[in-house]
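Per-chain numbering from 1; labels A, B, C and D assigned in written order.
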Amino acid sequence: MTQSPNTWHSTRRPSSGLLIINFILLLVLLVLTIWLAHLDLQPYNGLLALSIAVLKTLLVALIFMHLGFSTKVTWVFALAGVVWLGIFFALSLTDYISRGWAPRMDNISPAIEFIPPPPGIHSHPVVDQSENPGPPAHGSAG
Amino acid sequence: MNRTFQLFPDAASRMSHQVDHLFWYLMLWSALLTVGVAGLILTFAVRYRARPGHRQGFLGPHHALEWTWTFATLAIFLSFFFWGADLYIGESAAPAGAMEIHVVGKQWMWKIQHPEGRREINELHVPVNRPVKLILASQDVIHGFYVPAFRIKQDVVPGRYANTWFQPTRPGTYHLFCSQYCGTEHSAMTGTVYVLEPADYAAWLAGMPTAVSEVQAGAQLFVQYSCHTCHGQQAPTLAGLYMSRVPLSDGSTVLADEAYLRESILYPAAKIVAGYPPIMPSYHNQLSEEQLFALIAYIKALRGASATQPATTPPGLVGEPPTTNPTGNPITNPQGIP
Amino acid sequence: MPEAARHLPPTLAMQFEDPLQQHEASTLGMWTFLATEILFFGGLFVSYTVFRLAYPETWHTGSHHLLEWAGATNTGVLLASSLAVALAVHFAEHQRRTALLLSLASALLLGFVFLGIKGIEYHSEYMEQLVPGINFNPAHDPSGRLQLFFFFYFVMTALHALHMLVGIGLLGFLLYHAGRGHFTVPGANTNAVEIIGLYWHFVDCVWIFLFPLLYLVR
Amino acid sequence: MTLLTPSSPAPALVVPENYLNESFSLRSWLLTTDHKRIAILYMLSITFFFALGGLAATLMRLELLTPHSTMVSDDTYNKLFTIHGVIMVWLFLIPSIPTTLGNFLIPMMIGARDLAFPRLNLLSWYLFMIGGTFILVMLLFGGVDTGWTFYPPLSTSRVHTYVILTAAGVFVTGFSSIATGLNFIVTVHTMRCPGMTWHRLPLFIWSHYATSIVLVMATPVLAITLALIAVERIFHVGIFDPAYGGDPILFEHLFWFYSHPAVYIMILPSFAVVSEIITCFSRKNIFGYAFVAYASISIALIGFLVWGHHMFVSGQSTYAGLTFSLLSFLVAVPSAIKVFNWTATLYKGSITFQTPMLYILGFIGLFTVGGLTGLFLAALPIDVHVNNTYFIVAHFHYIMVGGAVMAYLGGIHFWFPKMFGKLFPTWLSQLAAITIFLGFNLTFFPQFVVGYLGMPRRYHHYAPEFQIYNVLSTAGASILLVGYVLPLIYLLWAMRYGPAAGPNPWRATGLEWQTPSPPPTHNFEHIPIVARGPYDYLEEKPQNA
């Protein structure tokens, strides 16, 4: 790290060597994330890919964007967007994730008289499962 | 209703009285605070008005006072929250045994289907003192089902079912409004709720002898759309499906509630039942919301049938066998509806 | 401070007292702008998450339709361009005009390479009839949900590409002034290089997230 | 604040050069980067839009005199309330205090020659005007009828009016907001004069800083949301309409993530004005400076956590409803703290009832009612009943009209002598302030009653038993209209014929009062040095006016 001869800022700056090392690290992480994506690590694939993305962003921010060499105020400004995004995620997903938990109107017997089904439902026996193996899940329907 | 002057709305459901109690509690505190603040401002304005010989004093920071009123307001506000939360949780689920009525909102009318088959538009007849659960769907945009006298309101969002319930306590006629702006004739999307004595309600129900019950209508659709040609054979049987846990091809299970049944009819490929080929076509854009309600009512009515043919039901499909009598029909009618 | 005046570089704006104040203002301004950008993309990321949680299988399928090599190459291209821009800031501050020009030009070039590869991808997806609202073929997925994945894919990458275009314009602006030596005379104001650099790195960071979220769904 | 370097020049007979008479060409106004001139440009623009939005409101109130359609058709009525909402929210309330008083005063209050980015400031006005022009063009073409909330699928798939044009207008205006907020944040951080520490900042600055946080963090989400609405309308594919597999409730989340904090964009600057005026006219230091200052910041922060209280009946999960309700009660606490502190500021003061003070006392009363009725809406079961009724309409008008507009008018009256160097007629302006207060209450208080009775908002036709309240409301609106026209007339008159104000007619303490009125182009001859906190009215010495 060198003291810049420029008079326009007072903070220290990363050296060109550090910039290049940072770039190589980023490339390594890129290769790593692609390699991991081709392994079956369910259910951790998504989590790993995102963690690497966070790591890469940190490297870019800290070194390329000089955040690691900046004042506390700059840190606050840089983090603000992330914190607000976190609020946005947390409270939106509070709704979506808890939708299924809502107290349900279970265990209610329908107040409806039973109507005998039309022919074709109970009169035909169900074909045994083993005789009718289905193809794997998400194919298109007929 | 039909009065020319009203200061406070009719309270005609169990919930309405509870909401009003909370309302008056908040009113009490609001009045105290407003009178307190306004009274202080007026007092100070008079007492400390600028006049010859009067000089202002200095008042430094007073942390004890600041923290006192901060935590006092917080405590009062939290009492509002907990009371409100308690009622809201109670409001969120209908009690067991509520009668179910299906409501479809569309621009710009409310279509109501009673399980016994009577249909009405912009009118809703219900018996007094019986909990009524509404399952609501919208055919186009977001509507809002609002009965001020019951203090209930529920947005009806297209693409999913909404629920609300009430227990009317006073016979009479009450307003039904659409509360969510839904286009040109939003303000004309209103109706009337008739709360009837049980005998009057029975008479009203019998008023249309030719009515086809919703389950029968569903059964007809079931044949008309050839659902019966697959279900029970190369597709899972539907008997006993409602409110069971269905194993899916990805290893998870899902509760077969109305939302699941609806999704499986419209988007069959979304959740594939374990062990079955995904051959069902999508009925998206082919069935109206009313037809969907009828089909689902029919599927729900099939719940006892699994007991009659245990051998043919794929293992695991009936996770939680519903309470039923062993013969499978007819299911006891717990509410004694004629 | 008032008497330090009258010997300032001509690029000091009227409202500032000294270069340090102007530098602080311009970097804080850019960081604030980047915070708004995070929220701007954030609306899409939140929506994306809601739908991905709802339809994980569809996302899996959709991801396999994308050209993984293209996404990976583009990530590398953007990282390299970020390095070039970071070096440009370094060279501007050390008043090395030729090196500054070279690094800015290579960043610009890499920006075009990125957009070129993106164009190839769009073309291939168009040929496969995967573009919602234009030519999406429902035969890909009768449930209609694959279309949602591609909706996100196109909206997010197009918005990112739009930011790239703006960035390329800004780099061109820097290149013009660097060519005239405006950043490399003694006492020159290099704030422009620095804050445009910040913007470019941010656009890079967005892609760093888009790549796994779109191309690497497993 | 007391200056170590006195900067007020001796009274002169000729009007000294100032930002108004420095040059007169149209070009010198349209290309100005002077924050004071930009503030005047903004003031003219938002006054025009306020009149336009007020016209729509007038027509609505006239139509609502009877329960049935008398003047306008359903479609026209729907367009009227949509236009009223769009214009009042984005073209008046959001920019109102920050872009006029904020723009004019922030640099002067912190002892700076201008904002940090003067050209960005001008760009912000141009963006605002471009967005406003989109809205005007939309009006000329025939309007839009989605409601200002743009809920899909109504807005994306059902209506056939100019949704995209309106969305584009709001989108562009949003970037104007972002530019203003960014400028204020950076200015407050970097442009404070020597000695102006954070705890010596006037509360005006604290509140505007808090406002700017909200502007900068919330507005981008609105931008992307409206862009998605436009894409969905154009390409018939998207993430909101269930017919395309979308989720309308997701739109509500995105929209209210912006639009609830936007409420604080409208009210926080009013707090800024109140703190300045109430201290000046009670000749007192503010009670609890730190509490008032940090209350602004906490409102800005907690304000982002409560948006779901607009969605209690939307179908969001019960648990999300409970969470948002709890957080909404929390955000009410700092607002209450502010009201208590202002009230305590009057204690032992020496109070005069000049026009700005009348507005501000009115503000405190109306804001208290508006804030307390907000608690009714945060209480879940009550909200279920009154959501989307006139109760809500009354509540937010108490906050926005009773709060924000009252404070805006109070602020305009307070700083008018500074901006134009002239005084306005006292008794006429006091009469106007009282007229507005009375007219406002008559207009909006009946709406609480009719709302709890169950009258839904956005209703063209309504049940006959609601009529009496609507008639009262319309009667109040006509009084309110008179109250709003009066200041327009006498302020315009005073701009030309009013007596000279002198640098500090109210004997106020802020740095802005230490310069001549109107201020010179670069505000200060020498950048001031500050040695004291704000509002030191006790130690005041007689000043030459």
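By our rule, contacts are C-beta pairs under 8 Å (C-beta built on N, C-alpha and C of every residue); 3 or more make two chains touch, one makes a residue touch a chain.
As the structure is a prediction and not an experimental result, all values here were calculated from the model.
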{"item": "Pair sharing more residue contacts (C-beta pairs) when A-C is set against B-D", "value": "B-D"}
{"item": "Distance-maximising chain from chain A - centres being C-alpha averages", "value": "D"}
{"item": "Cα-centroid distance, chain A relative to chain C, in whole angstrom", "value": "20"}
{"item": "Rounded Å distance between chain C and chain D, as computed from the means of their C-alpha atoms", "value": "35"}
{"item": "Separation of mean Cα positions, chain C and chain B [Å, integer]", "value": "47"}
{"item": "Per-residue overlap in chain A, given as positions that touch at least 2 other chains", "value": "73, 80-81, 84, 88, 92, 96, 102-103, 137-138, 140-141"}
{"item": "In chain B, residues with contacts to at least two other chains", "value": "89, 92, 250, 268-269, 281-282"}
{"item": "Residue numbers of chain D (touch at least two other chains)", "value": "189, 217, 221, 246-247, 249-250, 253, 257, 318"}
{"item": "Chain A residues within the chain C interface of the complex", "value": "4-10, 13-16, 19-20, 22-23, 26-27, 30, 33-34, 37, 40, 42, 45-46, 49-50, 52-53, 56-57, 60-61, 63-66, 70, 73-74, 77-78, 80-82, 84-85, 88-89, 92-93, 96-97, 137-138, 140-141"}
{"item": "Parts of chain C lying in touch with chain D, wherever the complex brings them together", "value": "1-2, 13-17, 21, 24-25, 28-29, 32-33, 35-37, 39-44, 46-47, 50-51, 132-134, 136, 143-145, 147-148, 151-152, 155"}
{"item": "Touch list for chain D against partner chain C, complex", "value": "107, 112-118, 120, 178, 182-183, 185-187, 189-191, 194, 216-221, 223-225, 228, 231, 234-239, 244-247, 250, 253-254, 257, 522, 526-527"}
{"item": "Residues of chain A touching chain D in the complex", "value": "73, 80-81, 84, 87-88, 91-92, 94-96, 98-99, 101-103"}
{"item": "Contacting residues of chain B [partner chain D, same complex]", "value": "1-9, 15, 18-19, 22-23, 26, 29-30, 33-34, 37-38, 40-41, 44-45, 48-50, 54-59, 61-62, 65-66, 69-70, 73-74, 77-78, 80-81, 83-85, 87-89, 91-92, 107, 140-142, 144, 146, 148-149, 151-155, 157-160, 162, 175, 177-188, 190"}
